[in-house]
Structure formats: structure tokens, C-alpha cells
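Have a look at the structure below, then the notes.
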């Protein structure tokens, strides 16, 4: 697989299609990426929480649909309203919900879930319960944090969690108490199982039993899928059509590209970046030299989607792309154009066929995480394409640790990596987290949590526009701010966009119905994604 | 001593099928009489061991018995054509009629099992009717016979001195009352004092039990002292075979003469040794 | 070394040796020569996943790389890794084995401690740790890692050999003649260990090639090179088997196995040099059978007699 | 120093050095474990400062203590039998993880190693006994097996036996679809055996050749020993000569090698375990290395070191049993 | 090294004083001390031969190895030309120059990897006897001294291409190469074939006479000891139990052990005696 960090930040969908099928006791087997041995841990605050917990046991207030520009689906809450300046948010919680130990779910549980030491976000000033309403107060305009509050914070039972000492050290592995559609049944090194929650507020799920497996190699998972032993998984498969066709219709397949794949460039010499890529001309030339069509065809077997250089997700975020900005970035390699850019910037081609300036050759090292086959392959192709354009780029692979260390500290030239796609139909989060001067550190200093600006990009105009966009809920004001941002980042290319990476989900359509479809993409389908996977589980039925 | 033959070999030729072939034994004929000690002398590599192996059909590739007959004349009066014996018959024949003490007798004992089991092995295989207790008794008796403390039965080879190992091998060779015992340099690795002890033992046992011995060594003085008859081998052939006394006093073949001259006598003459520089 | 000694040491025409040499020399030649004739193994300009055919002897990979060209390039690198690692391992095992055995005393105690620790600490995890410690892993670096971590077993054997050799009369004789210690080790002892050293070297080479493949499978192989191991890793990552691209997955493995097999066969022949007992018996049995003696070679001796 | 003390000293010093290395090695790995851990966590969204603090506490390196102090603490904890808590499998104690994995590893790899050894020794002895016959002709082919990269073989086996023909399962140490963890029943035992077959077969196939060759050569050499000739001259039955005189002596040199390989059972199988998602120790170790999970790394290394030392020790003893010569001298 | 440093043909003696050698031996968990040589003293004069006889394990080789400085005495001293011998550096080299050794097994004492020429060149070079162009003729001359003619042919051979006798001659030539005045010969013929033993011994005798060598002849063969040496020392369990002029010791043994040894030595003239003794014994018992 190669998809980097899948994220949460969501918008949602009102699509509430009830499954047509009936109840089934056939066990639904899921691989969500766990490796053996599985350490039972269903504490949503723990670093090693298992997938069932997020969505299957614990739920959020709303569920956002990453793929569409639609309002979020009400879950534990039914309604929310902002005040005008974005400093207060009122949320109405759902009536009649019970914890699976029989206790009532209350607004106090919601308050607890946001204010306990472990979970309390920095931007939150206060949360108070008032009947079935929870009032959130923020330090400053928090429109941009809507998704985090409503869509990605799991609501936990105060009466259980408050009795624990240190919440981060707790495994919560016996009868975890949640509101979700499933109850934990058994857990072992190799697998854990769940049964339907008969008292689920949305009605008892029709699939009675779930089994989450631990699998160590993608190849094994693919083999199991092929032989019908896995019913739902999200993983990279090079020839999905062959697999689906080969199954005779038993396996369904969805490709939902959402996360941009880019080349991180350590772009900012002022913050300590070194290497040829600190020159914007080199980045532009490299971008021109890359044949994205070929990358997609060969490395992503045609499964990835065209990317917009503005980082707005084409199709979903079209309205945010400023006038005059290109929609999709060039797909064809243009070595001539690359040469022109370099020559205009004072580079000359040497006898070895590579460009140099002032006697210093343009050399670049591009690393990717070993074993992320699509990335590794794309990197090899980029090496070839860059060389054809006179840029001496060499590709190599590193371990995840090295990759993580390099980008955190800024000690790199080029890294192939993912940009966490936004979970709502708005590129704001990307602009803020990945391009903002606030979200970075000098080379040699580790980025802090929430800072994703690996390229060390820092541009006063962009920073000002981000601030402006954050303070408003007005679409036009936002668009104006985005236009400034887009103009700068499309020119400066601190991240050289490649493609929007494929996310391939396979599921058993022979025995189950109710899966998202191309026509009714009511939720983001990956098996590892919470809380959307919980929503999907609650909608499945036997055939 | 009778002049009744117990083993006759006629025109035995043995070749090592290597490149080029080595004719280790060439057309050797030899008769062993009941109860005698026949010494087989000759320099290293002249084919003594090969001949001994041939007599007991122990040759392993690349050695091949090219031609010749070996006949064993049993006490019962029947003649056994050793060359024609079937596999199984040969197995039962071995050790029962002809036993051997090997050149490397120091290494002839299995290092990983006790002396007792090695003695028992022989008895179990050839005397299956024997009861366990009888076997134990017999084993103890054998060791006593060769002058080793029966308490040593449970020892392992490495726990015994060279002389003791040699005696144990002789005891083993005696286990089935064989009529012929082939001893291939049984004392070469031992020092003279121990060697003398063992020779004395062999002589005594021969007197008591009446088996015939083919005694192989290159130590001619030794052979002269103990053998009844001596065969001198040179390059695969027996060049002289006569009574020990005759060999000593009237060697016929020049090679025999040369061999005899090679040993300065302890108490007598220098033989061919010249030490003109001697100043004593 | 003069011819006489060599000839004496070489077992007379051995099928195993010949086969082994043919395989090893063949693959080595392939590694040396083939890359000049094949296309650029890093050129993705061919159609992807082509089965073997006239244009591409062993087809192409998912990126359109020519498998045959990759194998040739991989042979070069894999052999380089193997030989380098083997050489390092052998030098270290000589230092730790022979020197320890010959010099004795505290030197021995110290060297032996190191050897024991290297023996007890499993090499594979250590290789993994070291490999992941070194971020830029060139081919040579991987070879060095494999070599530096793979000498202990050989050192133990060499030490015991040296221990027995140091009491040999010719070593004593050299001492009495006034030779220096280092000269005794180099000139008197080492040549007699040559067959053993050769055998150990071959073994170390195979081991290094296999280990490199293993490391590559775990993603810890050389960063920027094509080896048989990285080809396998790519093939595995590209689901070559499930996609039916056996031509991508099978040949590197077969080449590794073949090369190892060839080396083992040579090793076998060397074994027969070291141990004359091995040399004579089996061949002798064959020869005797050819010569017409119906000898079954085991304890149940058949009549050795041949028609006179 | 007496021999006995020397032996003890050997084990003690080796153990000390190995354990110290185990302490050191993880600390030499690149990257700050805390930030790597945090980076992993950030994949699931932002994390609170409290969570960050707890990660630091968990990873044990608060940054203020000296390496030497850490080292002393490490020994202190070892003596108390405390191997720490795994970070990647939080909050499972390392001891539990190892305890859970060890039986599988020992069961599969140990048994396969023993089987490979027994088959290899048996066939090797037979081939040596029948040296020079057609049996010898098949010997060279075993060198081919010996040189197969075993993950390659494993993948091929999975593809053929599990995926294409469906004879054997694809993953797991037991039927993970029908059992919710190990249990005591015949069905479970059957499932374990079925799941062990393919990985076991891989190990046996790729390692049997080595034993076979070594044994065959030793056998040939032993057969020309005087005591074997003596045994034949004694008219013993071939079976007896084969077993007690030839094989028993020829097997002795292989035993040390067997001991060492038994020791490496624990670590030797990491690739295999990954291919088959087998719940073993080797994979635990690679994961630990890949995730900078110090405690788990140290724990697995320690177990491996102990296993090797224990195996060497046991082989010291076994050798004494089989070879009386070493009984007094070790 | 110049000739002045080396008293070639010097008149000094090699004196062994109260040599003691203890070995530690292990049996089971226990270690014990084994006294292999106990207070052995003798003086080796140029032109004289001393024979050291005794059964296996009596310590003969250990004495030889101590003299050749392959083993360090536990106590006791070795003096050359009146001075205690050196154990290091140039002085050791000078000692080696004067005292050389011939080993028991001529196959084992020649390195199978090197030619005969190499074996002889080395000591010549090390001890500065010959250099460069002189080396080859010197080697050939040495070979011819030990009756290996023509020298060129033998210099090119390797040990395995020669018979045992020839090999032992090479070993002797090597020992002579540095211009040694004293030769320790540890059972120089016991590994040789009966028919060639005498040849080697005769050669040794001739060289001894020509070079005025002092020879320590170690053997368990009493007959050759008697005829080859001027004096015989009988060793038993590390001790010298009897010593004296050779005929004296052999023909008129005093110590019990010497007598046992003499009785055990094969003597062709006694043929048939052993059988008769045994018969008499048996008859007596019966």
C-alpha cells in the first residue's frame, strides 16, 4: 500500500438509504490493516486503539462524508448552530440513546468527552450542558474546527471513563461501553469479534457478527480476498478489475481517490533547507518534467486521479478554485519547458546532459518509504523523467522511521509523500496545516503535533490569507483569500503535486448488501476509517 | 604343532582400481597350519594389510580381488571356499572362524559405546542362544584371559591405555574360539615394554587355545623372536617363506638379507651400521 | 603455489566440480558480459507486464523494465555483494580464528570472547538493526554489513584448525629455524588452510547473497541498486505471482538457487580435497563397478571377486 | 581457573555482553522514538498535549537521565523480570507478547528444525552408507534446495498450495475464522497442524539439504574408520554396524550445529512468519525494530540470546550423553 | 649477521642443568600437575653423542623441546658456551644458530606446501649464511651433503614427492643449514621403513663426524642407541635412572628399569625363547 496518512476531517451526507436485505448471522470478516499479534485495546484515546472502537463502539456527534459537499449526517447529535463570529457552537444531542451497559446517554457525557484532560483541544474555552444542548465556547473564531468537534471526537461514557486513572494507559478491553452499533465479543492475538448491539439507537444492525483479522502481509490479504475469505478491506491491488471480474460478481469494488500524493520539497532556504530544490525554478522545472499520466498509468495502474495544483479536490471542491487557476495540473512530461525554465533562471546544460548553475550541478535525491510499492515505482519513473529533462535526480527508499524523521526535522531534499486530504469539502485545512508559516519549524527542529508544513514553506501573503479565511464563514470572503493562497502555492510549488491517490475498497456483494456505491456514496467506504466505517456497518444487511 | 593346514590361499592377486591401478598383492600363495604363528614381514606398503583383508574378504573399493582362492579348512573337516561365500554365510563365517586384530587397533574400538556392548555385540550376533548373564560372564572371562580387570567392562575406549585397548581387541578376537587370528601390526604403536607383555599374552593364549596366527609387522627382529615360520613380502609378492630359524641364519633372498642387516643387534654386532666417528 | 601441489589437491575429474564450475562461471560471465548487450535495466519505455518473447527474453515488469536486463544487472550486484561480504568475512575469521588459535593466551581469550558474542547474537536481527541504522545503504555498505556480521562460525572452525596446526612438527620446525610468528601464520599455516578457507569463502558468498535477498525482502537491502533480492522484492510488491507474471518472480529465485548450488558443488569438491576419505570412497566404488567388480558399497560386502 | 568455572564464565560473560548490546542497539537506531510515535498518532488526527506527555512517559526516555543510569535501571528491571511495556501493542507487557509468541515459534520452527535435522541426518546417513551408488547422484540436487531463498520458496508454496489449489490455509497459526483464540480441543489441534504444514514444509525443504550433505560426508569419513571395519570383520549385522558404529559416531559433529540452529529457532523465522502471518517471535522483533519499540526489541533480543545460550548449554550436555569422550572434558 | 658474532665450530658445550618440566593436565573437573621431566642434567660436547632412551611418555621429547626452546622449563637452566641461554631477540636467534633439531616424523616436519628448496633457503636466509645469488648454490650444496644428488632436482621437489628417508634427509639438511653445532634428534628414524633407517643413521653419523657436531639422540631403540652414541641416559617417568658409556649401560645394566627395557627389546638371536618360556610357565602352573 502506499496511501499515507488517512485522516479525519469530514463533511457528511444526508443519504440515509436503508439496506434492502435482511438480517444475517454470516460473520462479516474485515481487514482494516491490523497486524498480528493484536493487542486488544478499545480506548479511543490510546495510540494503539483498534478499528472497531472508532465508529463501531464509539461514535461522534455527526458523520461527515469526505467525498461530497453535503451536510454531515446526524449521529449522537441532531443539530448544530454557530454564532456569527464563530466563537460559540450549540449542539442538540439525540434523545433516547443508551450506552450499551444500559445507562442513558446524556449531554454531560458529551461535555466530559471534550473537557477531560486527555481530550481537551487547545482552541476550546469551555463546554457546558444545558438539557439536551451542549454549548461550546471557543477562544477565537473556530469555524475551521467544526469538523474536529463534530466529526472526529468520539463521545465516551463519563460514568465509565471518569473512573479510570490515566486514560492513555488504559486498554478498555473488557466489555467496552459505547453507543455504537456493535459490542465487543472476543479478542485474541489473531482476531477480534463483535456482535450486533440489539439496543442500537439506529436499530439493531442486520449483520449479527463481525470478525476483524490481523494480517501481516498485503499479499496474504489479497489472497484471502480472492478466495472469498475476507468480506471488507481497503488495500492496494494492482489489477482490481481482474480481481472483481475473476470473482464472478462476488466482490464489489470502489476507488475513492482523495489524498493528494506530492513531492515534499524542503523549499525554504531561510529556514535552513539546502539543496537544488530550494530554488523555485528547479521545482518548477521538475514539475514540468514529470509525466503524471505515465506515473498514474504505470505506478498507480491507472487508478489515481488528476490533481489540481491548488490542492482543491477536483469534483468536490471545484467551487473553491479561483478563476484563472488551472484545474488539473499538466499530465504530460514537458522536458522542453523544464529546460526553458531552468535556462531562464541561469542554468546551463553540461556535457553530461545535466543542468548546472555557476558550476554547481542540479542534483536531487528523492526518497520514498520502502515497501510502498506505488511510491517506489513512481519515484523510479520520476528519476527517469527528470534525467530526460536534464535534472540529475536519483530515487532511493528508506524505512518509515527514516522517512518520518527526515520530514519532521527537514533533513531531506525530496520525499514522496501524501498530503492528508480534508474530510470536508474545503481545502482550508490543507492550506492551514501544510502551507502556513505557523505550521512549521526551522530545519533541525521537529515539527510539533498539528504542524504538517514539512516543506518549511513560509510566505507572508499566504499566512495573511489563511488568517482571513479562518475568521469568516462567508463564502466570497473565503474565495478571495483562497485566490491569494492558490496563486502563491501554484507558483512556488513547495509541494509538487503528482496525483490524487487511489483508495481501493473491496467488499463482499454476494452475501451482503448496503455497501456504498458509485451512485450512492453515502459514506467514505474504507474499512479502516472511523467513524464512517461504523455508519456503513450499521447499514449493511444480508442478501 | 601339526602340519594340518587351516587356511590355504592360492594365487591371490589383489588390485586397487585407482589410476593407475596398484597391484598390491601379486599371485600370493600361502598355507597356514593349525596352531602355528606365521610371521608376515616386509616394508611399508608391500601389501601385507591388503593380503590380510583379502583372506577375510574385507576388501573395500577400490580394492578388488582379481583372482585366487582362499579355502578355510574347518575343524569339522569341511572346507569352506571363502571367496564363494554368500553375504550372510560370510557374515557368520567371520570372527567365528577367522578373527582379526587390526593395524590401527588403537582405533578399532567404537568410541561411543562401552567395551561391554562391543563384546556383547559379537556374542549376540554369533551366539544368539546365549543368555544375558552368560554373556556377561563370558565377557569378564575374556578380559581376565588377556589380563585386563573385568571391572573395565563398562569403560569406554578413551578411558583405556593403548596397551589395554590392544588387549581388549585380542579378547574380542578370542570371543568365539576362532581357529585363525590375523594380527596386523597389533603392537606397533606401543612401547617395547607393553609390547612385550602383549606378545607374551598372545603366545600363552595360542598355547592354551591352539589357534593359528598370522602375525603381520615390519619389525623383523620381533618376528624372528616369536614366529614359527616367516614370510617376507616385497612389492606384493612373497619372496621368501621359511622357518624363522632358517630365515635368521640362512636368508636366501637378497631382500631378506638386506632387512636383516638393517638391525644392529642389541647385544652383538653393529650389522651394517657404520660409525667411524665414534670416539668412545 | 606450484602446479604439482595444486594438481595433487584437485580431485581427479569430478562431475560435481565440473558442474559447479560450469554453473558458477556461467553465471559470473553472465554478470560480467550480459549487461553490455541487454537494454538499460532502468528503462521503463517498454510495455508493462509482457510475457517472455522475442523482444524481451524474460518479459517485462509492471513498470516496463526488461526482466532479463534486470537479472543481468542484478547478477552483477548480487555477486558483488556476495564476493565482498565473503571476502570480509573470511579476513575477519582469519584474524579471529587463526590468530587466536595460533597465538593463544590472552589474545586468544579476547578474540574468542568476541567470536562467542557474535555467535550468540543472532546475525539476522543484528543485520536488520544495523541496516535500518544506516540510512543510505549502498551496495558495498550492505556487503560490509553482511560480511562484518557473518564471520563468527568460520572463525570457530579456523581456530580449532589453527590449534591443531600449531602443534604440527613443521610449525615447530619453522620456529626452531627462527621464523617470526606472523611469517609462520602467513607462510606455514595459512597455505595449509587454503582449501578450508576456500570452502568457507564459498559458503560465505552464498550466505551473503541469500541474506541480501532476505534483507531486500524486508526492505532493508541496498538503496539504489538492482540485485536479485531487490528484483524479488519488486516482484513481490507488484503481486507478480497473483498477476501470473512468473517470469518476473521465478527467475531471480532460480538464479540465486542455481548459483548457490554451483558454489555448493565446488565446495563439495573442496571438501573431498580436505578430507581424503571423502575423495576416495565413493569414486572408488564407481570405478570398481566400471572395472567389472560387482561391489556393493556397504557393510554387506558382496563377493569382490572378478572373473580371473 | 577450573574447567567448570571457565564454562560458567563463558556463559556469564557472553550473556553480559549480549544483554548489554541488546541495551545499546536500539538506542543506536535513527530517529527520536517519541516524535516517530507521535507522527504515527497524528495519522489519526490531532492529539492532545496530555496524550503527548503520556507517550513520552511510555517510551521511557524523558531525556534527563544519563545513558549509564538507563543501563543500570535496565539491569535492575531485568532482574525483577520486568521487560517493560510494548508501545506499538500498548498496553500489553512485553513479557506477555513474548509469552504469546514463543510457543508458536518454538512449536513451528522448533519442530520443523527437528524434523529437518532428523530427515537430513537419516537420509544423509543412508546416502553415506550407500556411497558411490545411485543415491549419491541425487546428493547434488539437495544443494539446490539448500540455496533457495526461503521466503521465495514460501511465497511460491503459498501461491501454489494455498491460493491456487486451496489445499492449505493462507494465514495464521490456527483457523482464525472459526476459533476465537487458542483452546483445548482436538479440532483446534488439527487446525494448528494444518496451518503449520506449509510453513513447516518450507523450513524443512530449505534446510534439510544442509544436514543431509554434512551427515553424508561425515558418514563416508566414519565408514573408513577402523572401528567400522572391525565391526564388519566381527560379522555384525549390517543394521547394527549402520546404527551403532557408523551413524552414532558420524552424527556427533552435526550435534553442535544442531544446537546452534535450535538456538536460532527463535529468530530464524522472521520472514517466514511474515509471509504466513504466523504468530511468532521473529515478526514481533521486526515490528519492534521498525517501530522503535525499545522494550519489545530488547525483550525479543534477550529471549533470542538466552535461547542460543540455553541451546548451546543443552548441546554441551547432550554431547556428553552421546559422546563419552566429552563427558569428562566438555 | 657476521661470522664474528657466531662462534662457528666453537668449542663451548651445551649444558643442561636440573631441568624440570611440569604440565597441568585436566581430568574431569579436576586439574593436576604432571611432572614430565624431573631434574635432568647432562652436558653435550661437540663431537659427542648422547642417547636418551626410555619408554613412551618418559619425557624424552619434552627434554628435546626444552632444548629447542619450544617449551619453557619449569625450573632448571640450559647453558650454551657457559652462558644461560636467551629466550628473546637476537640472542635467541644466535642460539637457534647453534642448536637445531630434527623431528621424529619427516612428513609432519616438512610443510607440504613448500618445496625442499624453500625449506632450506629460509634458515640460510634467516641466519645470514647465504644471500641472494648465493642462496641457490648453498641449497644445492646442502642437499648434496645429505646425499640428495643432484641438488637442483631435489630442491624443486615437494615433500610428498619423496620417500620417507629422503624427507628425513631434507630435515637433517635443514637443521644443519644455520651452521648448527648441536643437533637434537628426536627419534629421527622411528617413523621410517626398516630398510632405510640405517641409511639415515649412517648419514647422521657421518655428518656428526665431519662437522664435529654434538648430538642428542633420542630413541627407544636400544640397539641403535648403543651403536650410535658415546653415552646413554635411560629415562623413566621423567627421571634419568641410569647413565653411562653406551656399552656399559647395555651390556651391564644396573637399574631394574634398564633391565626391563633390555629384556623387552626384540632380539632376533633369542628366537623361539619366548615360546619356550611361555610353555615352561604354563607347564609350571599346570
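The letters A, B, C, D and E name the chains in turn, as written, and every chain counts its residues from 1.
In this section, a contact is a pair of C-beta atoms (placed from the backbone, for glycine too) under 8 Å apart; a residue touches a chain by one contact, two chains touch by 3 or more.
Just so we're clear, the structure is a prediction, and the values are computed from it rather than from any experiment.
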| item | value |
| --- | --- |
| Any chain in contact with subunit A as well as subunit C | D |
| Distance-maximising chain from subunit B - centres being C-alpha averages | A |
| Inter-chain centre distance, subunit C versus subunit E - centres from mean C-alpha coordinates, in Å | 46 |
| Subunit D and subunit E, separation of their C-alpha mean positions in angstrom | 55 |
| Approximate Å spacing (C-alpha centroids) for the pair subunit A, subunit B | 90 |
| Separation of subunit A from subunit D, taking each centre as the mean of its C-alpha atoms, in whole Å | 39 |
| Contacts with 2+ other chains: residues of subunit B | 58, 60-61, 90-91 |
| Where subunit C touches two or more other chains, by residue | 132, 135, 236, 242, 280-281, 284-285, 297, 300-301 |
| Multi-partner residues of subunit D (each touching 2 or more other chains) | 29-30, 132, 155, 163, 224, 231-232, 236, 290 |
| Residue ranges of subunit C touching subunit E (in the complex, touch as defined) | 1-2, 4-5, 8, 168-170, 172-179, 187-188, 191-192 |
| Complex contact set, residues of subunit E against subunit B | 47-48, 55-57, 193-195, 197-198, 201-202, 205-206, 208-210, 220, 222-224, 226-228, 230, 245-247, 250-251, 260-275, 277-279, 281-282 |
| Residue ranges of subunit D touching subunit C (in the complex, touch as defined) | 10, 13-14, 17-18, 21, 25-26, 28-30, 129-133, 136, 140, 143-149, 151-153, 155-156, 159, 163, 213, 217, 220-221, 223-224, 228, 231-232, 236, 238, 241-242, 246, 260, 263-264, 266-268, 270-271, 285-286, 289-290, 297, 300-301, 304-305, 308-309, 312 |
| Interfacial residue positions of subunit C with respect to subunit A in the complex | 42-44, 48, 62-64, 132, 135-136, 219-220, 223-224, 234, 236-239, 242-243 |
| Parts of subunit A lying in touch with subunit C, wherever the complex brings them together | 219, 222-223, 226, 237-239, 242, 294, 298-299, 301, 370-371, 373, 376-377, 380-381, 383-384, 394-399, 401-402 |
